[in-house]
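Each of the next two complexes has chain A plus one other chain: chain B in the first, chain C in the second.
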Partner chain A sequence: MSSVASSAMKSPQRISGWLFLLPAGIPFAAFVVWPLVHGVALSFFDVQLRGTEFIGWENYRRLLDDETFWSAVKNTCKFVLLVVPIVWGLSLGISALVYPMGRFARAFFRFAFYVPVVAGGVCLAMVWMWIFNGQYGLLNYLTGELLGVEADWLGRTDTALPSLAAVVVTWSLGQPIIIFLAALGGIPPELHEAARIDGAGAIRRFWHVTLPLLRPASLFVLVTQTIGVFQVFVVILLLTVNGGPANATRTVVYGMYETAFTPMYDFDYAAAQGSLLLVALGTIAVVQFRLLGRQTTMD
Partner chain B sequence: MTAHSSPRAATASRWFRPGRMLAWVLLVVSATAAILPLYWMATGSLKRQSDAMKTPPEWFPQEPTLANYKKLFGGEEGQAWSGRRPALRWLVNSLLVASTIAISAVLTSALAGYALGKLRFRGRALVFWLVVATMMLPRQVSLIPLYLLVVKFDWMDSYPGMIAPYLCFPFGIFLVRQFMMQLPDELLAAARIDGAGPWRVFWHIVLPMSRPALGAVAIFSFMGAWNEYLWQLIVTNRPEMYTLPVGVSKLVSTLTAFDLGLAMAGATVAFVPMLAVFVLFQRYFVQGVSVGALKG
Partner chain C sequence: MIARRWVVVILLAAGLSSCCGCGSERPIRDRQGRIIVEYWHQPMVTTVPGLEDEVKEVGDFERYLARQFMAENPDIVIRTQCLNWEDLPRKVPISVLGGRPPDVLMDFIGRTSGFWYQGVLEPLDEVIAGSEQDFQPQLLDASLLPDPQGVRQLHAVPLCGWVQVLALNRAAWDVQGLGHLIPTRENPRWTWDQFETAMAAIAGPSVTPLGMQVASEQGDYRVLQFFWAFGAEVYHDRDYSRVALNSRQGVEALGWLVAAKQKGWIQSNVATAGYGFFEMFWQGRTVAIPSGVSVHQAYSNAVRDDKVTADFNGDGRVDMDIFYTLPPTRPGVAVSLPVATNGLAVFKQADPAKRKAVMRFVRFLASSQSIGRYARASQMLPSRKSVGNIFSDQPAVTEILSRASRCDVADMGATSPNYYDIRKRLPAYLQAAFLGLKTPAEALAGFERETRGVLRNGGPSPPNREPGG
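Now for the complex of A and B:
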């Protein structure tokens, strides 16, 4: 009796489920899934005007010997290793500091740190272009006045990448701070009270009570930030000359753009770079979930 | 009285501990680094080139001028965009592209989110997994196939080419699905017993209750489209088809000298509409950002 009723209820759902998916499904299949599949497929072909020829792993073999590509890989890793931990630490610290200050302060700092996210990379890159200018830029004026140091920050191979990483940090804090503030709000105050009664100081309470409870939020921040930083592009295109000086700031996504859309138009070779990026990001996301997700899967 | 003052004194001394001080310095420095560039952009757009290049810098524009905005919207003799007012066109393009994308994202996410969150059918888990996977993957990987597709359809320098890749918004589907999953099943079951089909349940019960999620989808898709750069850079070649970020970035790269005021005016024009949306709908931003993190 009940199985008849439930199957009668389910059979319209079986069809209508797919009907509801249809409006999203068509553009999803055509413009999201298919390009991903096609992108990987392209990397195994030689795309020419006269036709397309299957060449197997040839593009990947070429990548192995491509020094420009490997310096781009190295730079991308440097960006991730610089930006992600700093963004995580700063946003966590700022949230922990701001959270107890009350509703108004929380709203104010959430707003202040999210406004650059809203402004977007291009607007901000334009301003940073001016700020970094050697003759009339704000940065050299400030570092000169305050620290007595002036430099061609974007023109030196040792400072160019860290400078761009710092710029990326300034506009990446908004989302993690919102997440950490919300997660801090979800921690029951009794836990802190209990730890306080047990004699734990502020630092130990943060370390042993707050931090473990922020694990899911931290995981989310680390994964999304890693994916975001892997795609660093606008700052390279607008603030450097072709990923210079001497390829010191070239990233994988920038290299891909250059390979495909500047007069090289080497689509299949760029597709091979993109496919490697895809594999790398997929692996990193899975590893991060495994490493940090172990203790969060229970809830 | 004294009973109150002693804990207050204790908190006061806590503020001046070195750790606290360092934390405060970090907070102030980061907040400045986040906000100062935007202040510099807005005030810079009101400065003449000679004032913008002054050292020490003019912290507040001494003689503010709207000349940069006139130049941006009015064009100037001898420039590539003279007389055609492309900045106004860029603004219209940006508005058109971003609102079309936002409307489409809300519609498709609402329908698909309902199917994945509240309907039972074979293949649901697989579809949801695909949505989450594509949400995490970088769009840049599909850039080349998308470009080839757009060339094939003859959509270069056209709105369909600028819009089509963003009609479906995987993060939006995810967000709506997570939200709708929390709605009590009893409510839906009651309506079904009264003879309502999936569509009526969706339209009369689920949709009205999902406004916060749909608001978040609208805003995130609008913001993503408004600030999208790489794709619009690739599919547009004619200045009339640029969106604001593309047009504004070309203001610098096409000029020999860096016209600071003009560049900042362009950046400000690209920023202000988005700021207005953010201020008006801040609530939805906060909700949207936290839904993905805390319920995922």
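Now for the complex of A and C:
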């Protein structure tokens, strides 16, 4: 049907279609596609200020030897494993609690959880910097008063990464909540009603009706969150000193930034790191699609 | 249909290439036919004695110099640009990649040397020809780098050198009747035992005497000073193909530093704290900082900003008496000090007339008068002897700089090809030692292993050993 419609589309329509795409297409091509292609190409060259030289897989061979890079990979994976399930679970739970509420309450919570997304990472990181401050921070004040425990949260290798993960969780909830609330609204009430008539309790209804029907939304949340958390950067740059202590919070994207833009100027090596990340993210996304992407129908 | 699709693709590609197009080179002359010389510099000078009306903020001094030069050279126009500390390491290389570097750059030779190894700088021996003897040998030596044939050439004309000494707040000892524990003004040198006794005497719950940070590579010379105190070296005999810090002396030094932290001589958050130790110095929580000789100047600013609250006897009055000593060393180890030289580098010039104009400007900047003003304003050692005693009104600075100039220069490898790459790797291992995650021996062995990988894969590779070096 669609192919028939497509072939029947007249030339002026086709041209106007392209024209409508241009305002978004040109910046997308210029600032996303071209840098991506250029970045991958760059990784096969030795870029010096005096000129470039093709070096094949040399930068990738260097990566194999680079302990700091692999420690950053390990930290990034830890970050993803900490943040993504928590964000998925929390946002789903909060959405399930908020959805049955009245229209205004729902709007309020949607707004409240979305504010951090609008506020931007830099502002939030500055607030968290103050919260984590060892001398006058809110966190130490609270834990000191309530639990008698005070710590240099970002200064210890065992607490630094989980602390940063907690920060990322707080500003990652907004978008998944919006998505889950919208997806919940798309589930026909008859299905719940039928399940209720069949004697299913609230938990069984959630487990056997709601959750399977949220599969497409869950897939979207998991894929976008995984990609987002793999690229975590601002929180490392602002809340730690160079991904410390002892590289405990250094992530792949932070390492790329440091490799390219500190006086090392190793643009090609940074590009190799980025290309590897691209492949890893692509693979993970495909696996997630394969595992969770089975079509769910409401038949 | 297919042809139309290709038209769209070609149009898109054309649009893209125009977006990503390379920048054109800078014009050589302005509309009046004057040669344009672009001068980029550090934000080093904020006040210059005698030029208070002309120089009120960073960049003013360079504009003043440009005006002076243009008055004498009406065929040349100087455009100055002051780069802040964050922009310096980024904007310059990006400008080189974009084909629009400055003509003259004033910066730390640890950075300018990177440009030399990339082959984008002019050798400057001709600028100082005939006046070599007038330059401080350590500063001149640091600016001479090997070209691809191994011949040492002047890659930057040295202006002044930042020398590290140990700045004390003498009042901390004096008000407690412990003044006899520290060196005298006449002989500001420590014995190692004397240093440890003085630190132990002053350390307490509210005072961690030694100001230091290892959170980043910035200020690494502060912690390295204690490695040198034990006789350890970052590089041995200018061999930049191997980092030599992992030695018996290095392990002893790191062991001493870790123990000093455990004894409360170094702040407990040394692994993650940034530059807070200067604030701590004003507050009296730290009383000894490896530092340049500009602490007096910083003190004036701190007083103006109402930051100085050091009060060791609780009488409500500020106790601050800044006193410079040479850093202590273990018995039998000579004092060696890091010297960070700032210099003038010239990017490759294709046009002979412009090259001539650029060299004329560099000669002007490297005159005794300009260097004297730069050095005085930044409280650094001037590169030229003929500037005379520019610190005559600051006897303490004169005295310590005179002593410092007779000490060996500690080799941080600042002008070695992989300086930044190596330097960036050290803090993580020092942090691991300070946090007790690794023993000093394990930390330095790990650092050596990693640097071996870096040096094997290395960046630009000029001859590692300099002739006769």
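One rule holds in what follows: the second predicted complex is superposed on the first by the 266 of 299 C-alpha atoms of A that agree within 3 Å, B and C clash if a C-alpha of one lies under 4 Å from a C-alpha of the other, contacts with A are read in each partner's own complex, and residues count from 1 in each chain.
Note that in this section a contact is a pair of C-beta atoms (placed from the backbone, for glycine too) under 8 Å apart; a residue touches a chain by one contact, two chains touch by 3 or more.
Since the model is a prediction, treat every value here as computed from it, not as a measurement.
> On the A-aligned overlay, A:W34 touches which partner chain: chain B = first, chain C = second, or both, or neither?
both
> Does chain A have more residues touched by chain B or by chain C?
Here the partner covering more residues of chain A is B.
> Taking the superposition on A as described, I'd like to know which of chain B and chain C A:W18 touches: first, second, both or neither.
After superposition on chain A, A:W18 lies in contact with both partners, chain B and chain C.
> For A:A217, decide between first (touching chain B), second (touching chain C), both and neither.
Touch partner of A:A217: chain B, not chain C.
> Quick one: classify A:F104 as touching chain B (first), chain C (second), both or neither.
After superposing on A, A:F104 lies clear of both chain B and chain C.
> Name the contact category of A:F54: first (chain B only), second (chain C only), both, or neither.
Once the two structures are laid over each other on A, A:F54 reaches no partner at all.
> For A:F261, decide between first (touching chain B), second (touching chain C), both and neither.
Once the two structures are laid over each other on A, A:F261 reaches both partners.
> Of the residues on chain A, which ones does chain B touch that chain C also touches?
The answer is residues 14-15, 18, 25, 30, 34, 38, 261 of chain A.
> Of all residues in chain A, which touch chain B in the complex?
Interface residues on chain A, with respect to chain B: 9-10, 12-18, 20-25, 27-28, 30-36, 38-39, 42, 90, 93-94, 97-98, 109-116, 118-131, 133, 135-136, 138, 141, 145, 166, 169-171, 173-175, 178-179, 182-183, 186, 203, 216-217, 220-221, 223, 227, 230-231, 233-234, 238, 253, 256-257, 260-261, 267, 270-271, 274-275, 277-278, 281-282, 285.
> In the complex, go through chain B and note every residue touching chain A.
Answer in residue numbers: 19, 23-24, 26-27, 30-31, 33-35, 37-38, 40-41, 44, 52-57, 104, 107-109, 111-112, 114-116, 119-124, 127, 130-131, 134, 136-149, 164-168, 170, 173, 192, 197-199, 202, 223, 226-227, 229-230, 234, 245, 248-249, 252, 258, 260, 263-264, 266-268, 270-271, 274-275, 277-278, 282, 285-286, 289-290, 292-294, 296.
> What residues of chain C sit close enough to touch chain A in their complex?
Those residues of chain C that touch chain A are 4, 8, 12, 15-16, 19-20, 89-90, 93, 96-97, 111, 114-115, 118-120, 215-217, 268-269, 271-272, 274, 420-421, 424-425, 427-429, 431-432, 435, 437, 449-450, 453, 456-457, 459-460.
> Taking the complex as given, what residues does chain A use to touch chain C?
The touching residues are 11, 14-15, 18, 25-26, 29-30, 34, 38, 48-50, 62, 65-68, 134, 152, 154-157, 240-242, 244-247, 258, 261-266.
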